[in-house]
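You will see two complexes here that share subunit A, one where it goes with subunit B and one where it goes with subunit C.
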Partner chain A sequence: MTFRGMLLASVAVACAAMPVSALADTSDKKIALSNNYAGNSWRQAMLTSWDKVTGEAVKAGVVAAADAFTTAENQATEQAAQIQNMILQGYDAIVLNAASPTALNGAVKEACDAGIIVVSFDGVVSEPCAWRIAVDFKEMGRSQVEYLSKKLPEGGNLLEIRGLAGVFVDDEISAGIHEGVKQFPQFKIVGSVHGDWAQDVAQKAVAGILPSLPEIAGVVTQGGDGYGAAQAIAAAKRPMPVIVMGNREDELKWWKEQKDAKNYETMSVSIAPGVSTLAFWVAQQILDGKEVKKDLVVPFLRIDQDNLEQNLAKTQAGGVANVEYTQADAIKVIEGAK
Partner chain B sequence: MRMVDRISRAPWIWSWFAAFLVWFATIMVTGGASTLGLSQAALTFAAFSIIVGIGQMFVITLGPGNIDLSVPATMTLAGTVALKLMDVDNAMILPGLITAILIGIAVGITNYALIKALRIPPIIATLSMSFIVQSAAIWTNRGLRIKPPSFLADFTTSTTLGVPNVSLVALVISVIAWFLLEKTIYGRWISAIGQSTPAARMAGIPVDGIRFITYVFCAVLASLAGYLLACFSGGAALNMGTEYLLMSIAVVVLGGTAVAGGDSNVPGIWGASLFMFLVVSMLNTYGLGAGFRLIMTGLIIISVIMLAGGRQPGAR
Partner chain C sequence: MRRTVSADAIRLAIPALSLAILLGAVFWLQPRAMSYIGLNLLFNLAVPIALATIAQMLIMSVNDLDLAMGTFVSFVACVTATFLSEEPFFGVLILAGAVAVYAMLGVVIHLRNLPSIVVSLGMSFVWAGLAVLLLPAPGGQAPEWVRTVMTMKPPVAPMAIVASVVIAVVAHFIVMRSSLGVLIRGVGGNQRSVERAGWSVLAARAAAYALAGVFAVLAGISLVGLTTSADANIALRYTLLSIAGVILGGGEFIGGRISPIGAVIGALTLTLAGSFLSFLRISPDWQIGAQGAILIIVLALRLLLNRLENRDKRR
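Right, the complex of A and B next:
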């Protein structure tokens, strides 16, 4: 047997050993990630997950390429131009975290017309030809108040920290929180500030409103702002309320310290940045010819008192608690939506 | 009366007046109970805007077209690198500080090199520089939040005789800046360059040298602010400088410094920085929605600038 023959034989064996779905006709397909922003820990984790999972997929020959592109300025126009470039470069699918739910529709439509599969996630687009992997942000907000109602049955004053004003996600989570307050009327939102999902902005905003607030029982957040709120409240020497965290490593670490020191209890909820990898597998499945519903829902990642240590240990320093999805997970989500 | 007249014509008085008004309106919500807390918070957070604002003011004073857009990226890079180097070790505080300042110097030198050697307008040069610096910050530690050394964390978050320590640092820097500006030949020179560069050149002022020093000074102040902010907020974050881009320019303009250059003042930066923090606190305290809040912030800033800019030309 020649060397080439041996090689062919081993490839054949390897192929036969692989699950059928991985042996798709997507091995010559190219997938691109169009991302609008990279300047915070969540986005960094999202990109790292993408690199890790797609790198393995490319090595295994599931797809030919999975390149990530990030725009510099977080502008819809810039991202639209980026998508047009991807069309010209001949990608078969574009996985998209969009700067705007509507402003990219033109570019997305162009891509669809060129026969390209567009899967949006996290920052989804409203263009009907694209797929959307959305998070139930409303439920994420509501579940925080529900948790607080169990933790503090007598209720109390809440401080709400919102995200970036004018962004769809901020409106959704906040609507969910207000829904929760309606459901549990023992709570009252006495103050609301915008923390822009950033610890330092949240710290500044909370420090500014805190002096004029009555005692606070709980802080409802959107993620990326809990540690800043804790810093501001500690600096004002006020009793520490129950601050709902957002899965960031600094937040979890602070929670762990408080838990060890004075048995502090709270919970933490956010979307796993690894949702980018779910979007990748969904795109791969669509390229593979699977019938997939246009709107999919991804569950959010919640951390509680008893699995804090376990999640903290898994979370990269400076990162966000994360789950990376496999092809099987994607198939499950797709099946679940049918 | 002459005293009142003189004060009302001082360009910085309006930002102080606005800051006081907003401060008063905010503490009245709680009937004065929040006075101490709000004042301390305002002084603390204003300190960072003051430090970056002073640097930006020096650059803007150089005349039309001079601006430093690399301030936020410099803050982020200085904060991340310094905290990584110190690594929670109190003995490393000084090396950390020196590293932060060296980063500022390096950014300042490169900024001016781009402006001078490659003849790129400052707005483009410093913006492109900020991309490079921000990428360097992302590359150094990917958003890793390392805690500051305990001594620095305590120092930046505590008060001396009721006054936040960071605002004392800002005060020292302000006094130095005021001295440089009003009492030294360097200060006269940057004003002269801002009023007319060709005239300054003909008068034998070393224009390039002065501009070079000013850009470096601005970057150093930005890196110092980044160092302090990172220690204050319990670790550096990749987006920690973002809001200081517009902030550094806004406090300069609100403070009564001429946007066209050649005329600057330090007290105005204080009034404007306190005002910028207090106005957000006030609108938050009154519980107004985000859209309304932003409109109000815009309107209030416009009115303060109109009042401050209402002085007669030639009354200088």
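Right, the complex of A and C next:
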């Protein structure tokens, strides 16, 4: 066979093989997780969920590999280098929790140009060639007021606990809460403090503002601050308002105690760290040849009165309520976006 | 004669050797890297680091140390992604002003006899603050021409390699071959004798700082060319990386003993060390430690050879 003949033959083989690999077969594909930080319980839970779900997927032969990489330092330049290394290592898809929404765009573009699927989640990137699984933080804030409007139809005064000042997430959730108050004008925000998403900070801040407040009917929060608020209000011997919780284990435990003691009712909402597994399945679906919109929205994890015990039992001490997504969940999210 | 050549050669040989060994190991682990695109991916983020390393080397050549390198490069990146792309004239003006500030720092440090570490640490807060003012949230857009230059695909060797060679050669000519370079190194080696010879140490120090400013500005611009946009914290790591790069490349903290070619090789080695560890699949908890271990091994090697060299001299 001449060289030319060989070339033609191999092209023919490649053409014949191509449609097969584009259809419903990702068993030879490799997916990598590029993560910029692992220093808190949320991120630890995120990595554990990834290992668990992708480990099973690899064992079942859905994908060939799903390796997690975390940069040693939370720096965009280092993560850019990490992504470039992944390109060299021949991964077919990169699932990305980015250190910066913009500073990785160059590396992400290189990956796209090399034919790699990039799916960013939680910390999303703005590069148009990548997919984004974003959290609708605004809706998370608004839904709290909506819940309160059902619980307390006559309305009342609200205390708002915000997160870390100057962080995008804090602004978004707060904007959503204010939108909700506009929508349900029977509520009025009478006070606002920064709890930095930490129980101790929230407790101090709430204790400080309480004496200046009239009676409050509800407390809207951002997660990680509900337990501290409850402690401060209990210490001031004021009637307990409806405090919206944020899925942390101590918050759920306190809620459970109150529920058993005096039938206390509230709800809890936050983002499940298992969103990394949703991103994994979305990447797998894209590799599978599915048409997927570039911008997807993660459903947030909401805990209500009736499924409190169930969620509390599954949550580790000191951890965050979590949910691991399945392939079917990912398909639902993809379909929902169309 | 032969002896002096070999001393210089040894100074350069170790960084070059470590780079070659690391490169060999990376190629062995990841044969895919042994291509035009592969080399570019391995090294393109080393280009801004190499420029920052040269800047740090210039400061170190006059026995000073710049702890503001990372924040200054971040600041330049923010200027590049905002003013330089929207109002180029104004952007150039700001960057020129920043270089002038660097020269002024050299003057102030010399006149007031201040420790450069303290001054630059203070300045790092100034640069960080300005960067946050310019870009409170990550964003901005790289100017088209910067992007074009950084993503160019020259024939034969990839952009990252060509740029590294150009940086090394230009820096070599400025520092090792020009009379200004000799003067700057003289200030680091023996300030008093330079003074007695009738040169202005003040001017030399200001020039060294201004040149460092120019290289740091280039580092910031090239970084934005690679990332396409900026972030006020984008280059914080560069402070330590640049110092490590100079030392790895055969420079010393005092005495005006520096090597521009070595510094560029040092920057490349540092970048490569990160990739090497990641290809090895070392857990991130160990990676910083492992990176440190590579540094210590190279430095130990140098110390050993320095000692051999000294023993030769004594004979």
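Just so we're on the same page, the second predicted complex is superposed on the first by the 292 of 338 C-alpha atoms of A that agree within 3 Å, B and C clash if a C-alpha of one lies under 4 Å from a C-alpha of the other, contacts with A are read in each partner's own complex, and residues count from 1 in each chain.
By definition in this document, a residue touches a chain if its C-beta (ideal position, glycine included) is under 8 Å from a C-beta of that chain, and two chains touch if they have at least 3 such contacts.
A quick note: this is a predicted structure, and the numbers were derived from the prediction, not measured.
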Partner chain in contact with A:33 - subunit B first, subunit C second, else both or neither: neither
Partner chain in contact with A:82 - subunit B first, subunit C second, else both or neither: second
Contacts of A:72 with subunit B and subunit C, given as first, second, both or neither: both
Contacts of A:250 with subunit B and subunit C, given as first, second, both or neither: first
Subunit B versus subunit C as contact partner of A:210, first or second or both or neither: first
Contacts of A:168 with subunit B and subunit C, given as first, second, both or neither: second
Which superposed partner A:104 touches (first subunit B, second subunit C, both, neither): second
Subunit B/subunit C common contact set on subunit A: 38, 72
Partner subunit C, residues of subunit A touching it in the complex: 38, 67, 69-73, 75-78, 80-82, 84-85, 87-90, 100-107, 109-110, 114, 126-127, 168
Subunit B residues within the subunit A interface of the complex: 26-27, 29-30, 33-38, 41-42, 44-45, 131, 134, 138, 141-146, 157, 229, 233-235, 237-240, 242-243, 277-278, 280-281, 284-285, 287, 290-291, 293-294
Sites on subunit C touched by subunit A in the complex: 30, 32-33, 37-38, 41-42, 44-45, 137-140, 223, 225-231, 233-238, 271, 274-275, 278-279, 281, 284, 287-288, 291
Footprint of subunit B on subunit A - complex, ascending: 38-41, 44, 48, 72, 162, 165-166, 191-194, 196, 198-201, 203-205, 207-212, 227-228, 231, 235-236, 249-250, 317-319
